[in-house]
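Presented below are the structures under discussion, each in the form of structure tokens.
Below are two complexes that have chain A in common, paired first with chain B and then with chain C.
Let's look at the complex of A and B:
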């Protein structure tokens, strides 16, 4: 069995690289809490490349307009059809922000309209348990962006499986720090990231 | 026979006649009301059935008529009244009959009876009976005729009796199936501006979503039912043919037609109106600029399968940095295409009017709408082109940093100087001794070598570590990219590097004249690289390598996962289709009709799950209907589901034992 490689998707339209240390942080967490064989560094793969199909989980983020080119759209559709999962996080933490608006529009156009994900979904209990649904981020609690604490994530489902997970909670800011700094936290705030990875690999 | 016995006999006959007449009139009244109401309803509301309450009302009215008539004939219950009626009808009796009844044991009884015997009481009674019965019979016949004219269901016609008799009666029932020859008229939605098309005996109807589908067949609609999926569709009769009409649904569905024990399935295969397509042809690529002073020519072309309604350009201006970003959207006025299938958009955008600041990004795209007024309009968006205003503090782009000479430029200047030095050395070559030549050539060669090393650094700095997948086999070591990669990605620098190699080698062995050609080649290649298109290169994110061994299972807490549920198979829908297909094929030899029905229903689901399988099934079903060989279509269907059988070359290896 090959090891898990955390994949950041590179898209043409915006700042896909706005959370550069998040992949390393989640890789660290996956290795720290699970026995999943994990590559020490993530991969950055253009969505327009068919190499994207080699990764079970693709992470996308940004602040700026989010639009797929035709090649990108074709590949991400193939990816989810083949059982892959895409995690899109709004780095603006703003439902009225340009990333959220354009990303939701693009997701609806490409995969179908995303709906609120119930907080009882297995993604909240597949490794760590989050009884109240998605954990709040410091950006939410400090009133950044839209000044909202989002109760739910959004998702495009196929049957009982999440194909595309969309977050306005700005985990890209929350988890974007060097993993060595994790030791200063009383509670590791990247635990939900572990759930996302475990869910993508087991569902 | 005594007088009393005679009167009793008359009483019974007239009583029977009265009851029969009452029932006859009641039936006539009921049928008359049904017939007239059916005719009136048909005249007022074309081809509609009479309301149900009219049937009940007619029945109640008929029963009321029966009761009233029986009450009217209530006097027949008294024997004396009957005797008096006979006396009234035959005056010659001179009350002898009533006297005989009242004084039955009188001494004159024999004489009276003899006198009574002489009179024709039976004839009078029979005439009276006829007068009671015949009008009632005539009324029943007239009402029956009216009912027949009104097309009663009991006579295999639609009418008021359709509520009372659901099964057509024997002789009027059509002998064969009324579904054997059907015709389908497809009328596309009005926005398509296309006329209707007719299909004869189709097994499948493909049409735009929202099209009006009208199915007609021989015979009246009574007994013919239609189901679209699980929804019953009312049929009607027109010009001696049954008609079922419904709009084309959004998803494939089976239209099941039934006529008594006969059944026919027609697959309704909806074709979605494709959204338009639009291509932004100008500007052709993304651009980064220092100052927002540019007039951009915009051009886009749009196409649609039905017709375009309008199009426009959209500018999305994003400003901000860090965690604070704002965006505003500007759209150009609509350009109307008036239903044409292709159209172009053009315009200009003056970036100066957008009041852009450093770091701002303008995203431009073209959009078009089609004329679909039913489920649309379909919206098309083009690829996005971005125009970015560079920040003053950016150093990741050679295009925006004009102040400091980039490394490539300094290499090129050194190279030109070295060529001049080498040319001078070649001129002096005949005047100086060999050691002096070797010394000066070696010095130039050292400098040329530094240029070569600098180009090497630039080449590998630009190319290395931009992105890629870590090779697990390579571990953490940074493997130098192969030369082939550079030759493709930066051919000018690579050519310069190769030429500098040759030049350095020649200079080191004191052959400056041989070194000059490759030095000039290197200069030209460096010039080309310097003048090449400037591309904005995003900064490469810092690469953090996690020490997996150190952090492995060192977390502050352990997960407590909930019980996992089995995953559904990713291809469960195809597996289900394959299972049902196999079942249908197995049933085929024993019960072809049932198998064809199963295959037809299977095709409905396959239209969305596996179009190739559905197409092969369609051919197979058509072959069954025509009575031709369906082997090949069935084979294609199986392969569409299971893939082409895999074969391995050569014989299987021998296991070593028998």
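Let's look at the complex of A and C:
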């Protein structure tokens, strides 16, 4: 049986690789807390390639304006239609930032308008429990970016399944460090990333 | 040398003897009714009215010959059988193509029926129901098959004027499906495929020691709750004993390749588990993944009661068997989710159909009995032969005249002639 491979999507319009150590950190967490067969290295796959369909969970991030090319749009639509999931995180932590604005426009154009995800969604309880919804990041608590603590993530749903998950919380900064440094944290802040992976694999 | 008068007396005596003999014969014939033969005939088109006429006469015809170019309806066949029971000799002639019809309910939440027709190759058969025609199929290799989502009343198959009728099968009760698997893409997409096809799925996805993501409420393993259990991988091992008992009680079990090696399934599986075979020769670029291009762990050393369902070359990639009251399918394919995600335009539907068919093939589906259908006539030619026997050879011809009546007329004529001749002979020679 194939292993789970964490996939970062490469898109043409912006800085898709702005959180280069995040994949290794999340892979470490998934391997550390679960028995999910996980590949030790992630994959970077262009959204314009149909190879993206081999990775049913795709992570996208960036600071810059975000636009899909036609090939990228076609492939991500197909990926989501066939049951895959896309996780988009705003690396600016800024609702007025260009990434958030353009990514939300692009998501709405491609998949439908995202709505606030209720904090009772199973993504907050499928492995670790997050009773208050999405965990806050240090960027939010320190007042950086838009100086907001976002109460909800946004999502495009199909039935009760998340197709596209969108975050303004800047998990890309929060989780973008070498996994060895987790030992300095009282609470591992990547636990919600494990939930995203478990959710994608089971829903 | 006798005189002329003596000769005439001798002739008169002979004529009297002939007359007496004929009278005795006629008397015997009048007492022996078995010898009176009436013959009637009809063809397919005129059979209905002929049957009414023969029956209205009050006396059943002795011989009934029917030339058929299609099988008459059951009512007319029964009518002929009744006439035969009343003493008529009934025979039929004709070369009628065989036609038989069967319908099975599909064990799936979406329902539907598999309709199978047996007919000579090349024959066009119109499938219909009470509402009207559904489809026209051409028989190949002795039959044809069509799947319909719904039908109403009686299913019919019509070919060359012969109509076969089959009752809709009894309604099936389709229960939930229970899936055991690790948290991975195979589990996720197998469950998704089943749910998309309408199955209600309870699932347990193993994530970590003592941690599983549960969908629905995984209840007791019994046939009152589950139609089938699917073991996708080694995460089913702790439940092997319960799954075995479930199968013995009639439940269906699908064992995917990674689960087939579980020791507790040795009594269930169709055969052993071979080493992984990769289809190197087949294009597996994105968009081109098919069932044939997936890696497999073939079913090896098949048990004597196992039946192969699918092959790849010499490798058995799916096999089935019965274990006590339950049905088992062992699959050899690995990572079927790749087919769904990276296959062609129909891959999602194909992947869905694959999993739904596997479950439907083993599912325990108790029936809800429908009222019996009196108008069922699923194999008309076979029933015609069963009722009236095999057709008579075309060269055999029944007499075309009513033999008993004709012979009596001849006898009466000879008798009259002999009496008149004897009387004339006597009178012309002066005797009284």
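The definition used in the following text is that the second predicted complex is superposed on the first by the 203 of 203 C-alpha atoms of A that agree within 3 Å, B and C clash if a C-alpha of one lies under 4 Å from a C-alpha of the other, contacts with A are read in each partner's own complex, and residues count from 1 in each chain.
Following the convention adopted for this analysis, a residue touches a chain if its C-beta (ideal position, glycine included) is under 8 Å from a C-beta of that chain, and two chains touch if they have at least 3 such contacts.
Treat the numbers as computed from the prediction; the structure is a model and nothing was measured.
Novice: Sticking to the clash and touch definitions up top, decide whether chain B and chain C on chain A clash or fit.
Specialist: In the superposition, chain B runs into chain C.
Novice: Given the superposition on chain A, which partner contacts more residues in chain A: chain B or chain C?
Specialist: After superposition, B is the partner touching more of chain A.
Novice: Which holds for A:202: it touches chain B only (first), chain C only (second), both, or neither?
Specialist: So A:202 meets both chain B and chain C here.
Novice: In the superposed arrangement, does A:4 touch chain B (first), chain C (second), both or neither?
Specialist: Touch status of A:4: second partner only.
Novice: Does chain B (first) or chain C (second) touch A:79, or do both, or does neither?
Specialist: Second partner only.
Novice: Scan A:173 for contacts with chain B and chain C and give back first, second, both or neither.
Specialist: first
Novice: Let me test your reading of the model: by the given contact rule, A:56 touches which partner, first (chain B), second (chain C), both or neither?
Specialist: In the superposition, A:56 touches chain C alone.
Novice: Could you say whether A:152 touches chain B, chain C, both of them, or neither, answering first, second, both or neither?
Specialist: Neither chain B nor chain C is touched by A:152.
Novice: Is A:98 in contact with chain B, with chain C, with both, or with neither (first, second, both, neither)?
Specialist: A:98 contacts chain B only, not chain C.
Novice: I'd like to know which partner A:110 touches here: chain B for first, chain C for second, both or neither.
Specialist: Neither chain B nor chain C is touched by A:110.
Novice: Looking at the overlay, does A:119 come into contact with chain B only (first), chain C only (second), both, or neither?
Specialist: neither
Novice: After superposing the two complexes, find the one stretch in chain B that runs into chain C, choosing from 112-120, 148-156, 526-534 or 562-570.
Specialist: Only 562-570 shows clashing C-alpha atoms.
Novice: Need the overlap of the two footprints on chain A, from chain B and from chain C, as residue ranges.
Specialist: Correct list for chain A: 2, 33-35, 51, 54, 82-83, 126-127, 198, 202-203.
Novice: Show me the residue ranges of chain C that touch chain A in the complex, using the header's touch definition.
Specialist: My answer: residues 182-189, 192, 205-209, 211, 213, 215, 233, 258, 285-287, 334-335, 337-338, 340-342, 347-348.
Novice: Which of the residues in chain A end up touching chain C in this complex?
Specialist: Chain A reaches chain C through residues 1-2, 4, 33-37, 49-51, 53-54, 56, 79, 81-84, 126-127, 198, 200-203.
Novice: Which chain A residues qualify as touching chain B in the complex?
Specialist: 2-3, 5, 10, 12-13, 15, 17, 20-21, 23-24, 27-29, 31-35, 38-46, 51, 54, 63-65, 67, 69-70, 82-83, 92-94, 97-99, 101-102, 122, 125-129, 139, 144-145, 159-161, 173, 178-179, 187-188, 191, 194, 198, 202-203
Novice: Using the touch definition up top, name the residues of chain B that touch chain A in the complex.
Specialist: For this pair, the touching residues of chain B are 286, 316, 318, 320, 323, 325-327, 361, 363, 365, 381, 383-384, 386, 467-470, 472, 476, 538-539, 541-548, 551-562, 564-565, 567-568, 570.
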